[in-house]
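Okay, got some structures for you below.
The same subunit A turns up in both complexes below, where it pairs with subunit B and then with subunit C.
This part shows the complex of A and B:
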């Protein structure tokens, strides 16, 4: 009898419909949709199209045709032909680009590490310095370069100081050497803030116990920085180092904004930008971009693997 | 359940708004016309007035927009046009026309312009017709303005000091010395009026307007025309780099550069202090406040200098004919901005196309031509002004001087119809690779890298090295 009642109750209970998607899943999809679409369109799509373009030729009616047969690598042949004919130009372009690897990885990053440590140790007005360092990172590049060039120009405060020291500030952006230095200094100044924010965030995760233990053991600040802080934030340092390496390809507007008259300071990116600007024959710059990516990607990936071997995986 | 109620409408609304945001095309009425003009040195008073006049005459409502970023958006604009007419410099109209994105204007060119007794084609100024059609023989654009460039001077200052407008290069050099020696004091102690103010920081290319006229004086219009054909001595595209040969085809260009060096680099006191670092705003302020007597500029000088500096002229200005160098073959005017264009997209309704063509036809009429000169303060549309009565506008010394330059000099321009040139327009130009030497030469007067000989050789070498790829990018073979 009891069994019958139970069965009867079971049959009367309304069966819950199986939901195709949970509400939380819909929420996640909606929240991610824009970002994913943006990534697919603006990164995957653009880069994929760029790769395809490097195997096409431009028709004057605004269309592109596939290169076939013996002409398949024509755009790449053109790169080597141009390099052969313009060795000096390509050398200066490569030098200008590789200089940003040195500037980003061996100047900006160590300085940032140093300042981050001070901020992490909560020196006087550390919060203020944090904002000051980060300020250039949230100002558009065109404004930042304009402020910089006016400041060091002949009527700017730094320019007048340089004039008083016998340096002709009016000519700073007119010669290759002085322009290069001014661009590098700008990149260090503008780049520190971004690095400092990431590094201080990484350092703030270091457990207090470890630092207190160091203090009790009487470890000087310098060795605490070298032997404790750097290894424990190594993953952040590695990431920033890789970003620095990629600046060889990603820095392109700074030389143009700061020293438009000195095209020997232009990087690979600047040259690709100008080859693409003002015309529709995008096959040549696309091939140039792919050519440098093929060279650069393994180096960057290899460096990352190498850097990861310096210190063991740390979790805390 | 509640969440579902909220999320689904939210998603639907977002999608709907996103999709509606994509459609920026105005819903055009048959009696409406949409125009986008580049917001530059001609200002917007002229388009506002002409639009009102046209609306009063035809009943077609004109909605105009002035936009400085139009060139950056031109590709997408022509895909999905917001306007029926675009007016700007540097529109790559040949490429758009070849891609079928521009309306063919043959019927406009053959139609009669009301009140003139002439067809639209006959109303064009000298040289405008041949740079408005492609090899297929069809017209796709209308030239926007006919420019005049040169040294603009403070006429009142000249009159007060009895300085004559120089007719020759030597007189120009002598005038600069006279102005310096006059030591006309300024408000700042120890400062006095300088002969020439120029901006090396962002407008050094304004010197082109004088240098190109010296080039034309030395080589004649044929030297310019031979250059802008960009064909080799054998008539081929593939050997077009030969036009840059400093020993033959480009010789006069390099000579003109030498004249500039002799005037400016050899005489640093003729210029404002540190011109290589001077911004346009500073130099315009100097000229507007009477600190310099002359300034290299183009037809938009009167509007732009006052607008840019915020100082209204309390003196008369004028543009001089470029002083003649030894052996000059006549007076020449370099048509600054002759490549500026007015185009109609092909992807708009037929009724809008007709309205747009009618508006361009109206612009070629006497009334609109005069209004443009008046409101743009001395700039001229690219139409024949010989039948336009400018009346009391010619009492304005600046307008009269520009008019005189346009009508009494031989007009030349560097607009090329060679595909190698227009496909590679960022690289191929008199200063190849868009590399200027004015500021650098002034900053380093003894540096041989900026001497006329070295610059000439560098330009030629750059052209030789880059030509094969530029020819290839234009769709030609190595032996074409």
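This part shows the complex of A and C:
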């Protein structure tokens, strides 16, 4: 009897192994299932659908149909036509978007680097400065832009000061040139804080020994900043530079909040947002997005690789 | 109450000690001792930074001051202290609603924000924690692929996937115009949170888990009873940062929940209307809107800043 049981046990064991998953495998599947499904749907699915959409045309009854034959690239041809003929301010949209690259990478970032160095070197009230610099990152953008436009506008204290100096503050957000300047100044004013926080954190990782040897060798602050601090925080600088490049595509609310009446200041992001908001004819904004992704992605990834080659990777 | 008083005193004692230590470091640490031209440069930069900080604080101070003035006084006395001090603007700001604000008052917007940002934060932090733990600590087929794809999706910029996402939400998922739809968009487990938690779990000692396994605990018990309490610090920090991010998010609620505006969306409607009615009431609205975020920031400023820094460095 015992033998039989033993025999039946020995024959059953391999079957059970094959039939049931290991407990840890079930655990892994359960823990990852939602995130993987969400990613497949909302990243892979959405981007794949975006590609499909850009090769479709919108019908009046609200449906989409495939573009075929000579019309296959119609949505993309339309982008070139719009840029060439400046339909819907496509040229100014390009210029406004690219301007954010210059503002973020060549104005905000250098100023932030400079400020960060002094905060890192424990200038008087450096802790207080850090806290205040962080504030714009936690306040809703609509509040920041409203406060900025009211303060600079004709009713605000800065506006009144400008009026006294002979500058019409009431018109600052009404013309293309002045609106653009006001938006760029806002982006620098509100954007420095976040960069400073990241850069000071990067600088705080620099080993004390290196700074002490600089001090003993009598290295002036300027050269310490250029030759020691920047190379040792280069990974953070690169990250912020890439963020700045991505702002060409990501900035979309600032121009609309600050200068709603001047649509020539709107960016690629603003145009895609408004073109999509109605929920109709989504093929055109999808094609516009895909077009700029194809151009932007290799440039940004290439720049990242290039910047990483400037200074060797240092582990400390 | 006594416990709150104790915590408050403890917090301030710690703050005072930190300040004293910072002062001592600045004055005695050889690294930060300065003289001559360097000292002059630092004084100059202190002035520049102070001006910059004033440019941040002054508009808020001006708005706070004017929020307590009657509308009639604001036009005549924009820069002075309120002569006729009133809280009426705050009362009006709390109750104001009309067609332009979708008939929603700031309190209703606040409630919607708490719901969406709160639940969104809970769900996304939970899914990120689950995914990060498993990818960091378990060896399984496809683990490296998942990690590589997540990094790729974070590095490569995709422009304008909004039209496609809208179509998906409306025609495929049928979640357009629902609170669940908004939360669903936020709920993904693979993002910056995943990377932060992944690096935490990667460095986490496996000893406790091994001990628990010897005692017969299964993977779920280990995760909920041992891992989550051990990861409490980073989870709280990420939750706060995520909460602030979702609290301020404009795009998702504006697109998918137009009938029930959150604070970030509704404030725009409120401001558009209030600019034509009463500036002081608009200033009171601003104060009401930023107060919860400022309180949260004041309570967790160190945690928020440290973890934002870590997040940035990982990028």
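Here is the rule we go by: the second predicted complex is superposed on the first by the 263 of 316 C-alpha atoms of A that agree within 3 Å, B and C clash if a C-alpha of one lies under 4 Å from a C-alpha of the other, contacts with A are read in each partner's own complex, and residues count from 1 in each chain.
Going forward, a contact is a pair of C-beta atoms (placed from the backbone, for glycine too) under 8 Å apart; a residue touches a chain by one contact, two chains touch by 3 or more.
This one's a predicted model, so the numbers in the text were calculated from it and none came from an experiment.
In the superposed model, A:306 makes contact with neither subunit B nor subunit C.
Applying the stated contact rule after C-alpha superposition, one finds that A:277 touches each of subunit B and subunit C.
Residue contacts after overlaying the shared chain place A:27 against subunit B and subunit C alike. Of the two partner chains, subunit B is the only one that A:82 touches; subunit C does not reach it. Touch criterion not met for A:226: it reaches neither subunit B nor subunit C. Looking at the shared chain after the overlay, A:161 reaches neither subunit B nor subunit C. In the overlay built on the shared chain, the residue A:36 is in contact with subunit C alone; subunit B does not reach it.
In the superposition on chain A, A:98 makes contact with neither subunit B nor subunit C. Set against each other, subunit B and subunit C touch different numbers of residues in subunit A, with C touching more. Using the contact criterion defined above for the overlaid structures, shared-chain residue A:175 touches subunit B, although it does not reach subunit C. The interface of subunit A with subunit B overlaps its interface with subunit C at residues 23, 27, 155, 277, 279, 283. Taken together, the subunit B residues at the contact with subunit A in this complex read 3-4, 7, 10-11, 90, 92, 95-96, 98-101, 201, 204, 274, 276-277, 419, 423-426, 433, 435-436, 439-440, 443-444, 464-466, 468-469, 472-475. On subunit A, the positions that touch subunit B within their shared complex are 23, 26-27, 30, 57-63, 78, 81-82, 85-86, 153-155, 168-171, 174-175, 261, 263, 274, 277-281, 283-284. Those residues of subunit C that touch subunit A in the shared complex are 19, 22, 25-26, 29-32, 38, 41-42, 45-46, 49-50, 52-53, 55-60, 62-63, 78-79, 127-128, 130-131, 133-135, 138, 140, 146, 149-150, 153, 155-168, 170, 173, 184-185, 187-190, 194, 218-220, 223, 244, 247-248, 250-251, 255, 263-264, 267-268, 271, 279, 282, 286, 289-290, 293-294, 297, 301, 304-306, 308-310, 312-313, 315.
Only residues 23-25, 27-28, 31-32, 34-36, 38-39, 41-43, 45-47, 49-50, 53, 115, 118-119, 121-143, 146-148, 150-151, 155-157, 160, 189, 192, 194, 197-198, 200-202, 205, 208, 211-212, 215, 220-221, 235-236, 239-240, 242-243, 246, 249-250, 253, 257, 268-269, 272-273, 275-277, 279, 282-283, 285-286, 288-290, 292-293, 296-297, 300-301, 304 of subunit A touch subunit C when the two sit together in their complex.
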